[in-house]
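One chain, chain A, links the two complexes that follow: it is found with chain B in the first and with chain C in the second.
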Partner chain A sequence: MGGEAMFEVIKAGLETAVQDYPGRIGYWNQGFPPSGPMDSWSFRLANVLVGNEPGEAALECQFVGPELRFHRDTVVAVTGGDMQPRLDGEPIELWTSVAVKKGQTLTLSYARTGARGYIAIAGGIRTEPWLGSRSTFHKAGVGGFEGGALKEGQQVPLGDAQGTPGLRVKDAARPTIVTDKRWLVEVTAGPNDDWLDEAGRKLFLETDWKLSPKSDRTGYRLDGPGDRITFADKAINKRPEHGSIPSNIIDQGYPNGAVNLAGETPIILVKDGPSMGGFINPYTVPTVGFWKLGQARPGEVLRLTEISVDEAQKQAVEMTRICSGESLESA
Partner chain B sequence: MASEHTVEAQLPGVFYRRPSPEADEYVKEGDKVSAGDTLGLIELMKSYHEVKADASGKVKKFLIENEGEVQPGEGIAVLLSE
Partner chain C sequence: MIYDQPRFLPGGDRYMLIEFGDEMNLELNFRGQDLAGVIAEEKTKGVLETAPCFASTLIHYDPEQISFADLKKEMGRLIESLPPTDDIEMPSRLFSFPTVYLDPWTKECVDDYIAKIAKKTPDPEYIAELNGLEDVNQLVRVHSGTEYWVASLGFWPGLPFTMPLDPRCRLVAPKYNPPRTWTPKGTVGMGGMSTAIYPEHLPGGYQVFGRTPVPIWDTERRFPVFEDSICMFRPGDRIRFVPCSVEEFEYIEAKVADGTYQYNLVEYQKFSVAQYKDWVAGIDETQRF
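The block that comes next holds the complex of A and B.
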C-alpha cells in the first residue's frame, strides 16, 4: 500500500531537491548532466549513517533547509553544512543517525556553516527514476519529485528499511567546512591549460578568486582579474573556426568540474552544467576538490591548487573508502 | 519603552534595498514597518530572495549598504519598537 511510507513537505526551503550519487550517468553525449549532490562526501556519509547504500536518493538542502513531517517511524541523518536541525523543536546532532517517530517534524534552518546540508532517510527516497537516476535536474524539469525541487504540501515516497539510530561519523572522517571564508580547491591541469602562457597559468593559480552570487548548480562564477589572464600563441594565432577571442576554441566536450574561461570570466561547470561549448577549460576540479564547491558561499575565496591526475584519483578512491561503514562509531 | 531588534540575514549574497535599479527603496530609515514587510533582496544562486522584517517597528538604520555583501547571521537593519 505504501500510503504511510512517506514524508510531507511543510516548508520546502531553498530549492531542496532529491539527488542520488553518482547521478544520471551515461547521457552526457545527449546533453544531460550527471546532476547529483554538490558535496558527495557529506551526501554519501548521510546515507551510510542510516544504513543505505552511499548513493541512495536523499535530499540536498541549499542555504535554507526544509521542514518535513514523517508519516512513519524511521531513522534519519543530517550532514554537511550546519543548518541547525531540530526534531519537534529539539536540536539534534549533525553526522549522527537519529530515530524519528511517526508524526514528528524535522526542521532545518539556514546554513550557519557551509552552504548545503544533506538529509538521508533509512530506505531512501522512492521517487520515480528518470533515465536511471532520481537526481533532480532543475533546468530541464526532470528527475527529483514531479520534475523539480520540493514544494510545500508534497507527499514524498520512502523506501522501507529500519536503520540504526545512535551512530555517528568519526571526527576524522568528516569533511572540514572552513569558517575563515577561504577554500583551497584542488584542480588538475587541462584539458586546455596549453592555451595559456606561463604567466596566465600562474595568475590562475595565485589569485584569490571570489565566488559570485551569480552561481548555482550550473556554474560557479569567479570574480577576479580574469581580464589579465594571458594566453599562449596558439590561442591568439589560430584558425578562424576557433573563434575570435583568445578563450574561444572550436566547440568541444566539457568535463564536469571544468574551470571554463568564458571570455574574461572563469566559470566552474558543476553538477547541472553544460556538456559542450566553445570556450577553453584550462583546469578541471576533480572529485577531491569538488565537494568544497558544494559548501562554499558567495563572497568566499576560492584558491585553486594544482595536483596531478594520479593524486586526484588516489584521493577519490580514499574518499570512497571514507564514505563507508568503517567511518562510523557509536554515538 | 522602546527596544531594538536586529533583522538578520539568513542567506549569503549581495543585499539590495530596491526591487530594481530604477525603483524606489523598499523602505527608508525612519519608516515604520510591520512584521512580514520586505526590507530588501539578497541575490543568491542567480535569483533574488526577499528579506522580510520579523518584527514591527521603526527602521532605525540599515547595517548593510545597498549592494553590500552579506553572510548568514549578519544584521541587515535595526528596528525600534515601542
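The block that comes next holds the complex of A and C.
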C-alpha cells in the first residue's frame, strides 16, 4: 500500500468511527455484536455515490463530524444528517459525489439535522478486518482503526479506486430525516409480545417515548411510562427460574433491534448491543425502521408503529433496491 | 415444561426465536445447542448465525434467501432429526475459578447502585432471604457447592450463561430493575437460575456477590486457553467456583498481569446425560449444604 493512500485526522469529531455493512456477522453465539452503521440507508448510499459496494468500510460521525486531510486525489460523498460539510472551507452538497485533490481538507461541523453523518471515500477504508469485518466495536476496543473512534493525528489507509464526481442521490431515494423531533419507528410484534396483555401492548404502541440521553450504540433507553406496562398471566405465574419480575424470562437470544423490557425500562438493542439476556423482547425494530434510530437525537420522541413481518421484509427489499446505483443521477 | 411442538417466534425481518420449553434443564439446552450444531453442519440456506441458550435457539436469517414460512418448515425438519438427549455422552472440560465471595468490589458496586439508582436489599442478603437460606454464609456454601454447566455464551463476548448441575444448589433471583450501569470485571452473579461471570466492566442485570481474578476472554490471547478462540468457554464446559480470600485474589491477579498464571482446568472427563439423570433422580433436592 502506498504511503499516500490515506487520510489524516486533523480533528476527530465527537465519535467518528470506521464501520462496514452488515458488520460482524457469524459470532452472535459467542456474544459478538454486528456493529456497523446505525443508519444503513445513508451509509449505503454514501458508498454507492463514490462507486463502492454498498457495504464497503466508511466513516460514521456522531453529532459533530471530523476534519480530514486527504493525501491523495479521490472522490468522497457525505450523507445522513446535515453536518454542513466543507472542502477547504467551501460548502459542498450532501448526497453528492465530490472530487477531492491531494492536500485538501474535508470538514464536517455539528449535525443541523439528524444525529449521524456518513463519509464514504472511493475505494473504501482499508483497515485490517477483525473477525471478518472492519466495523468498530467501541466498548470492546476491537475492529475499526486501532479498536476505537478516530483520534487526532491518525493516518487511515484507503483502498485504490476511481470514483465519479458529480453524481447525486435522487430526492425520492433519500431517507426523510424529521425536523419536528417526532419519529414514527416501525416494529414487528415478537418474539415475546404474548408476555404483555392487551393494555400493555396498547400502551407500548400509543406512548410518545422519549429517547434518553443515557443511550449509546449498545442500547437506546426509552423514557416514559415503563412502570405502567401490564402483563399477561404467563409473565406473572411462571416458573421461578425465569426470575420473579414480570419482564424476567429465562435467558434467551436477543434479535438485534429488539425492544427489550429491562425491568420497567424499554431499551432498544442497537448495533453494539447484547446477544442474550434475561428480559423479554415484546417488539423488534426491523431494518426499515432501524435507520431512524441512527438519526434520532436524545430528547426526541419515538412512537412505535406495528407492521407485519411480511411488510417489514418487503420494505427491506425495497430499501436494498434504493441503496443502489439506480438511485443516482447527474448533479 | 417442555413443549410438544417448538414455538417459532418472529423478531423483526431477520430473526426467528425457536422456544423448546419454558424451564431450565439440560435437555432443552441440548436441543438448542444440537439444533445450532446441525444448522452449522448442513449450512442451512439463508441462515447467517444462531444463538442457542437455555431453552431456545435464536436464528438470524436472510429473508431474501429464505422466507419465515420456509425457515420454519426447515427448522421443524431438523428438530425432528435431532438425536435423543439420553444417548449423549460428550467430553466436558472442568474449570476451577478462585472466587472471592461477599467481596468488597461487588459490595461497592451494589452500594453505588443503591445510592444513585434504586433502593434495594444488598444482593447477597436478598438472595439468601429469597431462597430461605440461614444467612449469606450459607449462600456461599450452596453457590460454591456445585459444578455449573455452560449452556451458552452471550450478552458480551465470552460471557458464560451457566446452570447448577446439583439440584441441592439451585437458587433463584430476579434481575435488577432497572439494570445496573456498571459491574466490576470478573464479577460472579446470578439471575433467574443462571449464574454468569462478567468478562469486563459492564452494565448488568444479575444479582452480584463474588468476583474472580481469572480472565475469561482475551483479545490478545496471552494464555494457551485462548488458542482456539478469544472467548475461553465452550458450551458443555463445567465451572466450579472455589472460594478464596482477597489476598489470594490479589496474588492471582498479579500472576495474570505478568502472564504466569496457570489456568486450572481438566480435560479427561466425559459427561453422560443418562448417568447424570440417574444421579439426580436419587438426590433429595430439599437438602441444602
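Everything below uses one rule, namely that the second predicted complex is superposed on the first by the 330 of 331 C-alpha atoms of A that agree within 3 Å, B and C clash if a C-alpha of one lies under 4 Å from a C-alpha of the other, contacts with A are read in each partner's own complex, and residues count from 1 in each chain.
Basically, a residue touches a chain if its C-beta (ideal position, glycine included) is under 8 Å from a C-beta of that chain, and two chains touch if they have at least 3 such contacts.
Quick caveat: nothing in here was measured; it's all calculated off a predicted structure.
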item: First (chain B), second (chain C), both or neither touched by A:I25; value: second
item: Contacts of A:T230 with chain B and chain C, given as first, second, both or neither; value: neither
item: Partner chain(s) touched by A:A111 [first = chain B, second = chain C, both, neither]; value: first
item: Chain B versus chain C as contact partner of A:Q62, first or second or both or neither; value: first
item: Chain B versus chain C as contact partner of A:Q313, first or second or both or neither; value: second
item: Partner chain in contact with A:N192 - chain B first, chain C second, else both or neither; value: second
item: On chain A, positions contacted by chain B and by chain C; value: 214
item: Sites on chain B touched by chain A in the complex; value: 10-14, 43-46, 49, 69, 71-73
item: Complex interface listing, chain A residues touching chain B; value: 14-15, 62-64, 109-112, 115, 213-217, 297-299
item: Contact footprint of chain A on chain C as seen in their complex; value: 9-15, 17, 19, 22-24, 36, 48-58, 60, 63-64, 67-68, 130, 152-159, 161, 172-179, 181, 191-194, 200, 202-203, 205, 219, 229, 231
item: Contact footprint of chain C on chain A as seen in their complex; value: 25-32, 139-142, 187-192, 214, 218, 238-245, 247-258, 262-265, 274-279, 281, 284-288, 309, 312-313, 316-317, 320
